[in-house]
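Which chain is which? They are A, B, C, D, E and F, in the order written, and residues in each are numbered from 1.
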Amino acid sequence: MFKRMDEILIEIPDVEKPDPNAAAAVQELLGGKFGEMSTLNNYLYQSFNFRSKEKLKPFYDLVMSITAEELGHVELVSHAINKCLRGSTQYKEPDATPLGSVKDARLSYHFLAGAQGAMPFDSTGNPWTGANVFNSGNLVEDLLHNFFLEVGARTHKMKVYEMTDHPSARAVIGYLLVRGGVHVVAYAKALEVATGVNVTKLIPIPSLNNKAFNEARKYEEKGVHTKLYTWSDKDFNAIDQIWKGTNPEDGLPLEVIKGVPKGYAIPEAPAVDEEFAPGISPEDFKEIANRLKMAGNIT
Amino acid sequence: MFKRMDEILIEIPDVEKPDPNAAAAVQELLGGKFGEMSTLNNYLYQSFNFRSKEKLKPFYDLVMSITAEELGHVELVSHAINKCLRGSTQYKEPDATPLGSVKDARLSYHFLAGAQGAMPFDSTGNPWTGANVFNSGNLVEDLLHNFFLEVGARTHKMKVYEMTDHPSARAVIGYLLVRGGVHVVAYAKALEVATGVNVTKLIPIPSLNNKAFNEARKYEEKGVHTKLYTWSDKDFNAIDQIWKGTNPEDGLPLEVIKGVPKGYAIPEAPAVDEEFAPGISPEDFKEIANRLKMAGNIT
Amino acid sequence: MFKRMDEILIEIPDVEKPDPNAAAAVQELLGGKFGEMSTLNNYLYQSFNFRSKEKLKPFYDLVMSITAEELGHVELVSHAINKCLRGSTQYKEPDATPLGSVKDARLSYHFLAGAQGAMPFDSTGNPWTGANVFNSGNLVEDLLHNFFLEVGARTHKMKVYEMTDHPSARAVIGYLLVRGGVHVVAYAKALEVATGVNVTKLIPIPSLNNKAFNEARKYEEKGVHTKLYTWSDKDFNAIDQIWKGTNPEDGLPLEVIKGVPKGYAIPEAPAVDEEFAPGISPEDFKEIANRLKMAGNIT
Amino acid sequence: MFKRMDEILIEIPDVEKPDPNAAAAVQELLGGKFGEMSTLNNYLYQSFNFRSKEKLKPFYDLVMSITAEELGHVELVSHAINKCLRGSTQYKEPDATPLGSVKDARLSYHFLAGAQGAMPFDSTGNPWTGANVFNSGNLVEDLLHNFFLEVGARTHKMKVYEMTDHPSARAVIGYLLVRGGVHVVAYAKALEVATGVNVTKLIPIPSLNNKAFNEARKYEEKGVHTKLYTWSDKDFNAIDQIWKGTNPEDGLPLEVIKGVPKGYAIPEAPAVDEEFAPGISPEDFKEIANRLKMAGNIT
Amino acid sequence: MFKRMDEILIEIPDVEKPDPNAAAAVQELLGGKFGEMSTLNNYLYQSFNFRSKEKLKPFYDLVMSITAEELGHVELVSHAINKCLRGSTQYKEPDATPLGSVKDARLSYHFLAGAQGAMPFDSTGNPWTGANVFNSGNLVEDLLHNFFLEVGARTHKMKVYEMTDHPSARAVIGYLLVRGGVHVVAYAKALEVATGVNVTKLIPIPSLNNKAFNEARKYEEKGVHTKLYTWSDKDFNAIDQIWKGTNPEDGLPLEVIKGVPKGYAIPEAPAVDEEFAPGISPEDFKEIANRLKMAGNIT
Amino acid sequence: MFKRMDEILIEIPDVEKPDPNAAAAVQELLGGKFGEMSTLNNYLYQSFNFRSKEKLKPFYDLVMSITAEELGHVELVSHAINKCLRGSTQYKEPDATPLGSVKDARLSYHFLAGAQGAMPFDSTGNPWTGANVFNSGNLVEDLLHNFFLEVGARTHKMKVYEMTDHPSARAVIGYLLVRGGVHVVAYAKALEVATGVNVTKLIPIPSLNNKAFNEARKYEEKGVHTKLYTWSDKDFNAIDQIWKGTNPEDGLPLEVIKGVPKGYAIPEAPAVDEEFAPGISPEDFKEIANRLKMAGNIT
């Protein structure tokens, strides 16, 4: 079971810099093979199917809790995409071709299927698919998979960061580089505990450190890369048997924090009339307001 | 942002009745076009992309909060599948063909890719895909979609219920018929508030009432079909402006409950050695236990 | 533009012999790569995109008119599938597991998604896809493709015929072997006219003659394999410049018939209450009847 | 069974304004999830699998007949795409790179797979798939689906209209907005008859009226939005029990017309030598002409 | 560039034990996500795109040469499938339903699309896809991927081995467990050389040794697991800088062998007349023999 | 079994002319339905499943040997793509947006998933799929398919040639037009031998001769279009019973050559630091060099 908060993980810069092709690039980090939908669903299904969870509680707790963080990442990347799309079109009468400004944008779904919002597709419009989920049931193999998956996810983030300088995309990717880096280390440490082999020495792959990215470095300077959260009111505390010692890259001590990090208000998304979204006129609003106040059934 | 609990929504009967093809059928309710992955992701993305959320807060709160319940449904269906698979094979040496008993099972992925666990695929092994997500951005259109989606999801549940009498499958589907029924009503009421048209009168579609299903009726008798939860510690309370009045089928008063329903312990899943899951020998456990107790880094 | 008739191409035997796996096999002839959906859509798109149609009118007329016949084939195969499914389940209360009899059927979609009806999928449940359409725009290349496509389609029909002796499936496939054979010859002749190369000599591929199939032979004995229809009230008559001379296999003279062949009543499909189809109770029928008789708007 | 006419539904403006990315956008209306391939095939399969058709004849007739209109829509959209592509390239010797002008066009298939013609793909090149077809067998549920599908289809048309001002695209989309609007009303009315609930009051969704689109308004001014055709010489007349009363938006009386609307000549598509289409030289034409005149078999 | 030999890697037992569902299971090892098509194509594309190959020659040589071995594995698994299918049907006249014996077989493509032969699909009939190829370009990341891929491929082999005792399947899988095990070690060693981290200590994953499988043990007893071939007449010899030292599981010294292992005759596959394969009658053979002896062109 | 050489089929011009969209177009010739992946895998699987190979040895040898050539074509096209991508980006610090120059490139996978290298996808990013493989088992039908496939492949090459004048793309496509033309003739001749029908007279389709392409003509002038190789040290020599007589287009005598054509060095691909490929620093190289020289195991 999950609970939701009306918050997101960071404050995303609210600049007016429409860039549909940047939005398309960031989609790779959402619905691509190595996007957040993949990390989320891999851990979600692994957590459902976990065997011998009592004996392997720290590993179980790790997979259970990281899943919840990934939900927040899916959310965050989606809002980054939305910010990149913001302002791509201007309202005009239909016959004045208000969506003409995005006719040449790479990813037409943003404008024809949706109303300039994120969707579970990758950067070319191929939908995310359940075929991206791996769950052998073998603990070591699943951990090895997750370690590799996080490494691949980090690489994709590095490349998208390099492809666009949109401030909202950069801010989100910088943060996710750090948090994804935490997951790389977490699975490496879990693999070490499970096998005794020092795979954390492989980190970072690629060898470029997160600190080479301005928007990531600022989070590492605050120690964001040393904290693992339980993402729960009271469960999953055994992750502290895995998340301990020091960060393999800079040697800072690791720390488990019960609960969740501080959240931020989810920004308002304005109406886009030329996309009929939300398509509620001032008169409609009034009538809706009346109906909302009614005591019970409408009819 | 989301939090997770180490609990599931109901207690699933723990019978030993291996039935791989029942498990395959239940997969339709997980990874099918009208499965829980679809309801989850439709609301997840609609919630990310919601426009004018301040003015339309009750609708926003509805979509935000139902998303969290759907996560619990994905979890619950997955455990139902796992229970149907439980005991499908017996341990033997590899040369004694321990998986021979499932060679003719319809869905080979359960045994060759996974270790007899749920996966984001439908009943024929086609993966769930992001193409199943709809989000026009237009409030009325998205509500209409969601109403239809829940109707379709309910119909699929009714059919899978009729296809297998596996107690675990039945228990889960019975509960989900009721909760899915709540979502049908919720979106119908939202649509009524948004448009003034009394679409709740269409309910139920198909016209067979949930009470015709033993495993659903027992939950309706407890009033489970009258409650909508906020799935949040403090947010999404405005759903009470939509979830009010009476249930269109039996006229019982509707009630919003802040927070989440009582949860149940997630059952232990035993090792399946013939699937190498989790593949940890008694000796391995000892060494792992030692490493878990270590103060910090291994190497 | 197209017109529709409330008729199908042959009378399908109405036997009670439920065989879900036969139905699954026949799906290959509907939604498979070489199924009727493929022949239909290849010719449909080629007809839309035909270049220099005035100068190449006989070829254009051929592609235009055969498209219409393929629509009737899609319809016919669908009804064959429906007949194979007829009687697969018996009505019982939901808790008596009325769909239990088909839990092990190969193609679960027939029972969980639909109500025991045909669908645009192949024999394993993979959906038909537009990727099956070929249209180079080059006349000779498209004709060569169509000739090959019809050869492949015929081979698949031969194999499905050999896989099931269900009388409805056999009757439909027997007829379609003959009509598909006509299309093989038609495209071979068109290719000959376009190039001067005697490709009809390749026929039949595979070398087994349709007359080796009882259900096909009976149609050839009636000369069904010598006739090509214009499938139009007044257009597409120039096909007689291609469909002329003799059948390459038995030397019978070929004949163009303006219009369509005699049709047969489409059989009634009974309600399947355990699938909620059509889900209309006797009381519902009465109310509907009243509403149908109303002068105008309901509200 | 179907018949074909050598006609299309409207006269498409024959302007020379090559716009490959406009063509790509219009593809969404052909092979997208809410494109004409989807409406066509949903109704096609629902008509095949219709249960209790005698008792529910007006509904059966509605689905049967609308299918035929959808075939004409698939055709019309395809020709709109072709017009947008017209003139995209100029003939040059291969070494002079005649297709260089479209190297950056969004949808490469138009030029590499086909010869600048429509295909069953959406605006990003993802093929149409049979997974887009819904057919529960439950009358009310299928009607609800169809109502929603038409609403979604209309929204996509509105957005593509706003994305391109290509006169051929606009003319076709304007007409289809009106005809699609007719189908929205038709399924709403059918749903009303089946359930007694006044869902026509929901119309239009999105709330912007078709009359806000110049190219649609001109058809509404001619009353095109009030007529439903039987698309048959003699069948499907019972649709007049559903299509009656007035249009919910402007109150004009509705009318059923037996048969089909007046059609227009399908325009000639010129050769595109740089695409080898149709690839017939003047000498080839002469030889073909001779062979077409031959009495019978070539060899 | 590649050369081919008319040989396969081992002698496959030629037993008459038709088992279509075993064949379906083995398809997972051919066209599944972790099948030989995946290992082949991952290394093939990585070899094409390898950067700084001069400086990294031993790694380049490793990827180049293993690719060639994978081609032999694709071939070998295909022949295993063919042996499992051998004898599934008996010749009868078409009306005697000769393919009726396989109507209930899980994978209909073997009988309807092909003529009882292997195909690039997985165990449920989902086609192999290029989306299974990973190539980041980063040496360490690609090696980590390959190590994980081989681990996953080995696990799948272990499971299919346990699912069927068909002698041909077992013989092939036993051999491939050993050779796949060699590739696991090879990529682990490459990763060690590249990073200095002792990942070979992770081997084997799952922890069950190949020697627990009779059909694998017999090859390990011959030392097959200690040899890496260059698969080339003269190139790729630098693999001996990586493939050196001892096997991490049993400590036997490793050896590079220039060229290829001894091959075996590819067995004859008999005609299957009920599948029209190859469809050549005795008379046809005679005519073909004559044409084969002709001096030059036929016409 | 296969052997590999460290060579490619021609020398590709090494110009600095980055053109990502040209690279995207050439991908159609690699991973498209009619790309080299398709020809390769069709012949590969047909060769595995060939029936009565002793009696039909010349046909078997043809399919076996051409497969090996196709591997070289897959390789060659991949290198053409790589050359088109060469220089698309310049190294800069991550925050200086080094991949910004390709943000608008059509095929984002080249930059986000890979490191500017070829991949098994088509020109729009849709992955190659095993559904592209045809193998009926019927000799004549498979030969007809292969003839058509090669015709289609040639047409696609002609169109990509016309779309880009990138010297590397042109050089490779010119060569492949000629070699693909050889395969067109080879399958036509095989079909003639198998059936006695003179299908070589259909050649060329489209009717434009390869000599109309500068980069193809130069190879035909060297007689490259008259030679068929056995691609083997000692096997597959019976192809000379099929490949004999004269070329149908220019009448030059055909010749079988045992073995393979002369190969060329595979060019070095430079590091692309902004893609982290290969991601090995000068210091790393030193350490790796040391480890490569070590006697055996690292740990």
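In this section, a contact is a pair of C-beta atoms (placed from the backbone, for glycine too) under 8 Å apart; a residue touches a chain by one contact, two chains touch by 3 or more.
Only a predicted model underlies this, so the values are computations on that prediction, with no experimental measurement involved.
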Touching subunit A and also subunit D, the following chains: B, F
Labels of chains that are neighbours to subunit A and to subunit E: B, F
Magnitude of the superposing rotation for subunit C and subunit F (Cα, nearest 5°): 180
Interface copy of A-D among D-F, A-E or C-F, judged by whether over half of the contact pairs recur: D-F
Furthest chain, CA centroid comparison against subunit A: C
Subunit A and subunit C: spacing of chain centres that average the CA atoms, whole Å: 47
Distance from subunit C to subunit B - Cα centre to Cα centre, in angstrom: 39
Of all residues in subunit A, the ones touching two or more other chains: 33, 106, 113, 124-126, 131, 136, 138, 140-141, 155, 196, 198, 201, 206-207, 275-276, 279, 284
Chain contact topology (line, ring, star, complete or other): other
Chains grouped in pairs wherever the two touch, ordered by label: A-B, A-D, A-E, A-F, B-C, B-D, B-E, C-D, C-E, C-F, D-F, E-F
In the complex, subunit C residues that touch subunit B: 93-95, 97-100, 102-104, 106-109, 111-113, 124-126, 274-276, 279, 281, 284
Subunit D partner contacts - residues on subunit C that touch it in the complex: 1-9, 31, 37, 41, 44-45, 48-56, 58, 64-65, 67-68, 71-72, 74-75, 78-79, 82, 113-121, 127-131, 133, 135-141, 189, 192-194, 196, 198, 200-201, 231-233, 235-236, 241-242, 244-246, 248, 259-260, 263, 266, 268-272, 275-280, 284-285, 287-288, 291-299
Residues of subunit D that touch subunit B when the two form their complex: 33, 131, 134, 136, 138, 140-141, 144-145, 148, 151-152, 155, 191, 195-199, 201-202, 205-207
Of all residues in subunit B, those that touch subunit C in their complex: 21-22, 24-25, 28, 32-34, 106, 123-126, 155-156, 158-165, 206-208, 212-215
